[in-house]
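Chain nomenclature is as follows: A, B, C and D, assigned in order of appearance, with residue numbering initiated at 1 for each chain independently.
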Amino acid sequence: MLYREAGQYKSTYAADMAVFPLREDRIGIAVILGIALVAVPFLGSDFFIASVMIPFLIFSLAAIGLNILTGYTGLISLGTAAFMGVGAYACYKLTTFFPNVNIIVLILVSGLFSAGIGVLFGLPSLRIKGFYLAVATLAAQFFLQWAFVRVPWLFNYNASGAIEVPQRTLFDIPVTGASATPETRYFVCLGLVVVLTWFASNLVHGKLGRSWMAVRDMDIAAELMGIKLLNAKLGAFAVSSYFAGVAGAMMIFLWYGGGEAADVFSIRLSFNILFMVIIGGLGSLIGSFFGAAFLSVLPTALKFGLPALGVPLTGATAEHVTFMLVGALIIFFLIVEPHGLARLWQIGKQKLRTWPFPY
Amino acid sequence: MSDIATRPAPNVFANPMVKAGLIAAAIVAAIAIGVRLDPSNTLYAIFVDPFQQMVQAPDLLVQTIWEGLVSGVLYALIALGFVLIFKASGVFNFAQGIMVVFAALTLVGLYEKGVPAFLAVILTLGVMFALAVTIERVVLRPLVNQPDIILFMATFGITYFLIGFGESLFGGNPKQMITEQLYLPKGAIDLQILGGLVSLQKIDIAAAIIASLMIGLLALFFQYTRIGRALRAVADSHKAALSVGISLNQIWVIVWFTAGIVALITGIMWGARSDVSFALEIVALKALPVLILGGFTSIPGAIVGGLIIGVGEKLGEFYWGPLIGGGIESWLAYFIALGFLLFRPQGLFGDKIIERI
Amino acid sequence: MKTSILMKGAALGALLASTAAIMPASAQDTIYFSNNAYRTGPFSGSGIPIGDGMRDYISMINERDGGVNGVKIIYEECETGYDTKKSIECYEQVKSKTIVYSPWSTGATLAAIPRAHVDKLPILSMAYGLSASADGTNFPWVFIPPLTYWDGASVMVKHMAAELGGMDKLKGKKLGLIHLDAPFGKEPIPVLENLAKKYGFELKLYPVAAADMQNQGSLWLSIRRDRPDFLYNQGWGAMNPTAVKEAIKNNFPINKLVGVWWAGGDDDARAGGAEAKGYRSLNFNAAGQNFPVIQDILKHVVEKGKSTTPKEKVGENLYNRGVYNSMLVVEAIRTAQKLTGKKVITPEDMRRGLESLNVDEARLKEIGMAGFASPVKITCADHSGHHKAYVAEWDGTKWTQKGDWIEPMKDEVRPLIEANAKDYVEKAGNWPKRTEPCEKSS
Amino acid sequence: MNAEPINVTGTPLRDKGEVLLSVENISLRFGGVKAITDVSFDIRKGEIRAIIGPNGAGKTSMLNCINGFYQPQEGQIVFKGERRAKMRPHRAAAGGIARTFQNVALFKGMSTLDNIMTGRTLKMKKGFFWQALRHGPAMQEEIEHRRVVEDIIDFLQIEHIRKLPVGKLPYGLQKRVELGRALAMEPELLLLDEPMAGMNLEEKEDMCRFILDVNNQFGTTIALIEHDMGVVMDLSDRVVVLEYGRKIADGTPEEVKADQRVIDAYLGVAH
């Protein structure tokens, strides 16, 4: 009885078209935002914020990006990590060229470069589909990874061959660099993720989103409806890569704080993000968050949580168990609910909506 | 799946864009090369010098092609595992790479635990069979009739599980393949030809022979046995196969087991060349461009595709790689496949598919 | 999303809060040392022996001596699988507890360096990591003894000259560098380029992509074509055994192939079988069991069943290197205790201890390591010491020392280190200025 | 009628003079297989034109040619006085040709509402950035089109399934949604490929009524393929008969019904 739509009449189309038409949902979102804004930074330990929440937010953003491509438009990509890398390197170059421009602006702009590269590597999608396209995106993955190592200009000819994140401030508070506190970095991540998720939600609920889904569900019919496949597919690649690029820049600048990016943006990461999207639910933004939580938080929780709970696991065994468990859970979820955690969530909500009178 | 589609009429609007993209990529590559070199020499270095080298040192050319063929055979073997499973169950088995590692690791691990080499081979086959049965029971059967992408994802799950499982059983450190114990030849045959030395490793020759034998056997198996015919029926249509009373579950176990055998042989051959370690899993990704070239359902396609990719990337790396600093082998195969795909989207041996609505 | 996130968050929060509570608190008489181990993943081949050596040495100190000056060391491993993301997680997890951070990968070191300068946690990256961090003035919290990759490259050139019969013989020769196509692999390039110019030899690069570590066919064809006189292998993981095998296959004289110290695993050489006899690798610790320290480990730890290390693996090259690494930690603790007069030291004290570390021949003998390693001395300005290395040769079953210990070309390396440290600090913007005073004794 | 409510009470328009579309000597081959051979006919403004023929006669291929999905090797199509050489489907759509499909080609993962909204794609002009904000002009536009779509939903009496994903709807309703999606494009020419296939009698009657209403009230020209001869004879103004890719008859239902070749074709007389 707590959660239902009875009695909530929508008198305008605008109200009916809202992303969260139910009052309870809106309250829920507000509560989540409240927790994210207040409870997490004030109650969470540094480790929780830096190693659980920040990665979770960044992976969520990357997963949203890939979900736009794979979940909404039906194009499989195994090159997400490379596009994230483009964002990270673009951001590094931008901070070098424009040391006085606000770092958040630069992070947002660096996504544009990634979008451009994404469109370039998205061109084959006009001719090929399905697994063939997935293999084509591997070309992007391996080529870009090679380029990150091989073009010293990208990492400013640093002897370390890696991105060395400089310190940048926002209102005199360090945001990047080592002296930025986890809380600051977390707030910046949270802000970016919330705003970009809002954009993503708007896009998928609008004309472009409908075109993407139409292409996914039946591209031929979509074309006959007047949807330009070229625009829809490349648009999806652009938006998706933009999100990936921003996530990549955030990963290096707000989480890793520098490092060997060619190793960070490896094929493994591409796979991981794809898993997040599938486990979370294809074609669901909320699912992207679920998937990211599942695959980025779960291993950390297993590794550090189990010993804390008294389960005797040495580092190596924990690692093996994590691999097996993640593998088994992927299969388990696919069997139980192939549409991902998001669908489970929906079913749960549906049950709640009719509770306690299901008929 | 084979949802790769072309229109009878050319895709006029897409084509110029694709071409523009290709041209743009080519220009980028040319600029990258040009920066590294004296601009006036760029064309020479790309179009003249490599061929001069080929003519001047034909022994190296022969050796390069041989190396390409050998790695091509190994790519083809991995691709073969993919094709078998794809043909019969429509599953794009991402776990084939890890199955190669897992099979080889089991073999070596058992041997290290004191099992005689050939008994270890037999036991490993047993393990692969058990794996096939388990996968069928635990993964495929509950997921029957799900969309392809779901099954594809499930094989990711298998991959992860096998990594953790294999490592916890045998440890993740690289191990040596027990080549001698399996009576695989060692050493090389050195041929003094073409004014130089061409050295053919016996193990590579053995790999080629074993691969051909296996492909021959598979062909016979598909052609002349009842199960083989059933497999082909399933490949053509699941429903048709069901309606003539073939048990899908049985078929799946058989193909996954066959793919397991192929994986073991691949693992032995790769292991003999370098080492048995989880790093092989990434080499296994090279089978994907091979599949693109050969088509997902064609065994001859996998072979020919493997050889083309193998030779192509070796020649590319050896003669053109140095122009841009080398190491291009990591992505060249994918670009070869991609370039090919743009002009023949259905692969070498695939049929043109007419889209209907 | 609401309940789920909330619950997850709450559960995790509880989990993580309890982690901190349950962890054995560094009580009065213990010192906590966490090591990033990589016993899993593609590089576990070297991670396992290194981890074993590190753990067993500390256990031995605890068992035999009852700790360092009576203070037991709690040794724990944080498993990374050689993955940078997990290494960073480990850093965040242990930073408030461990006295020194032991990153064990280039990526992890690079990510930790800026953090450590804020968190004031010393990093001990033994002969890996960021070469420029040997500059103690700019990197007061990072230590990279006994030598850097750049020193290693110069030792390689000296070795090549010795084999050829003098530095003047280098002219016109060809040195090939096989390297992992990643920052780690590319480390030696600047030094080798300088030296090539100076001594007139030619440098050829052979990059191996991480994905192609086991697929080096065309690279070795290029080597056959170019016919380099020597090969230096800055390799890692599965790349090393493959390189050894390929060298044999391609009839490259195996004793002209010299690996960096990380290419000197017993398994790396063993892969080549009998024909790998003669494969060489730079080294800064001795292999084998014929040292009092190793005998003590066998006696107090392994034979008492207090270790998972199989007896025959004790004394392998990488195992001994782990022992060496732990020795540095223990000696630094000892030094810090002496400097501060405290028994239980803090990371700050540990930094001072590392900075004043001076393990001379006499001390090596005392701890049963005479001939095991060359003396190590770290100073306020020089956080590496640029100590000697030697060339080890595989005799078919074990690593043996080939020739004398070789002094790196410090005069070549040091300016590069200082220039790069300066560059790093400048690019970082607002890099903390060193405020830590130098010890008077050092 | 751009963005205005549909003229539900409008008077029937049946101006049958002007040719809207003419097909001239079309031939289409797939490899060696001839799907259509030298077929010509025209469609006049406001009429209901049926294309009939036995299975494999090339009817669907004909529709595919008309809306640019297939490109015939020979012949041309003149639409609204304009010769169409190498048309792309989305251009045909922009020119005012909408269609439904033999096997329902709805977007299965989307709701009824979203499916019909896709029909408005071409009419929505607001750019990417407004869409990303989903406020102001983009929202107004969205609401405007929503209004049109709601009118169509009312017209087709599918209010109750508005928010349901179409993949789970019964076949008859799916066909109706598909018609709605085509109507949302406000086409000048509506191509219907077997709109009544697989329906029961009641559903067929409903569908007939919708087709006639569309033709009457909105003046939309309709070309349809249908197997049910009763429906064809009742609905259509003129009929074209194809067999083995060739035109064998063309005329009013009565004329066609009397044509010997048509009778032969349908009764399966050997050639």
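One rule holds in what follows: a contact is a pair of C-beta atoms (placed from the backbone, for glycine too) under 8 Å apart; a residue touches a chain by one contact, two chains touch by 3 or more.
Since the model is a prediction, treat every value here as computed from it, not as a measurement.
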Remotest chain, subunit D as reference, centres from CA atoms: C
Selected interface, B-C versus A-B, where C-beta contact pairs are more numerous: A-B
Nearest-to-centre chain - CA centroid comparison: A
Centre-of-Cα separation between subunit B and subunit A, whole angstrom: 31
Centre-to-centre distance between subunit C and subunit A (centres being mean Cα positions), rounded to whole Å: 35
Approximate Å spacing (C-alpha centroids) for the pair subunit C, subunit D: 73
Numbers and ranges of subunit A residues touching at least 2 other chains: 142, 146, 150, 220-221, 224, 229, 267, 319-320
Set of subunit D residues in contact with two or more other chains: 69, 88, 101, 105
Sites on subunit B at which at least two other chains make contact: 13, 167, 282, 285, 325, 327, 330, 357
Parts of subunit B lying in touch with subunit C, wherever the complex brings them together: 57, 60, 63-64, 67-68, 70-71, 167, 171-174, 176, 186, 188, 199, 201, 270, 273-275, 277-280, 282-283, 285-286, 313-314, 317-318, 321-322, 325-327, 329-330
Interfacial residue positions of subunit A with respect to subunit D in the complex: 12-14, 17, 199, 202-203, 205-208, 210-211, 213-214, 216-218, 220-229, 235, 283
In the complex, subunit A residues that touch subunit B: 76, 120, 123-124, 126-132, 135-136, 138-139, 142-143, 145-146, 150, 220-221, 224, 229-230, 267, 271, 274-275, 278, 282, 317, 319-331, 334-335, 338
Contacting residues of subunit B [partner subunit A, same complex]: 1, 3-5, 11, 13-14, 17-18, 21, 24-25, 92, 138-139, 142-143, 146-150, 152-154, 156-165, 167-168, 282, 285, 288-289, 291-292, 296, 324-325, 327-328, 330-331, 334-335, 337-338, 341-342, 345, 355, 357
Subunit C contact footprint on subunit A (complex, rising order): 28-29, 31-32, 35, 39-40, 43-48, 50-52, 55, 96, 99, 142, 146, 149-150, 156, 158-162, 164-168, 174, 177-179, 255-260, 262-264, 266-267, 286, 289-290, 293, 297, 300-301, 303-305, 307-310, 314-316, 318-320, 345
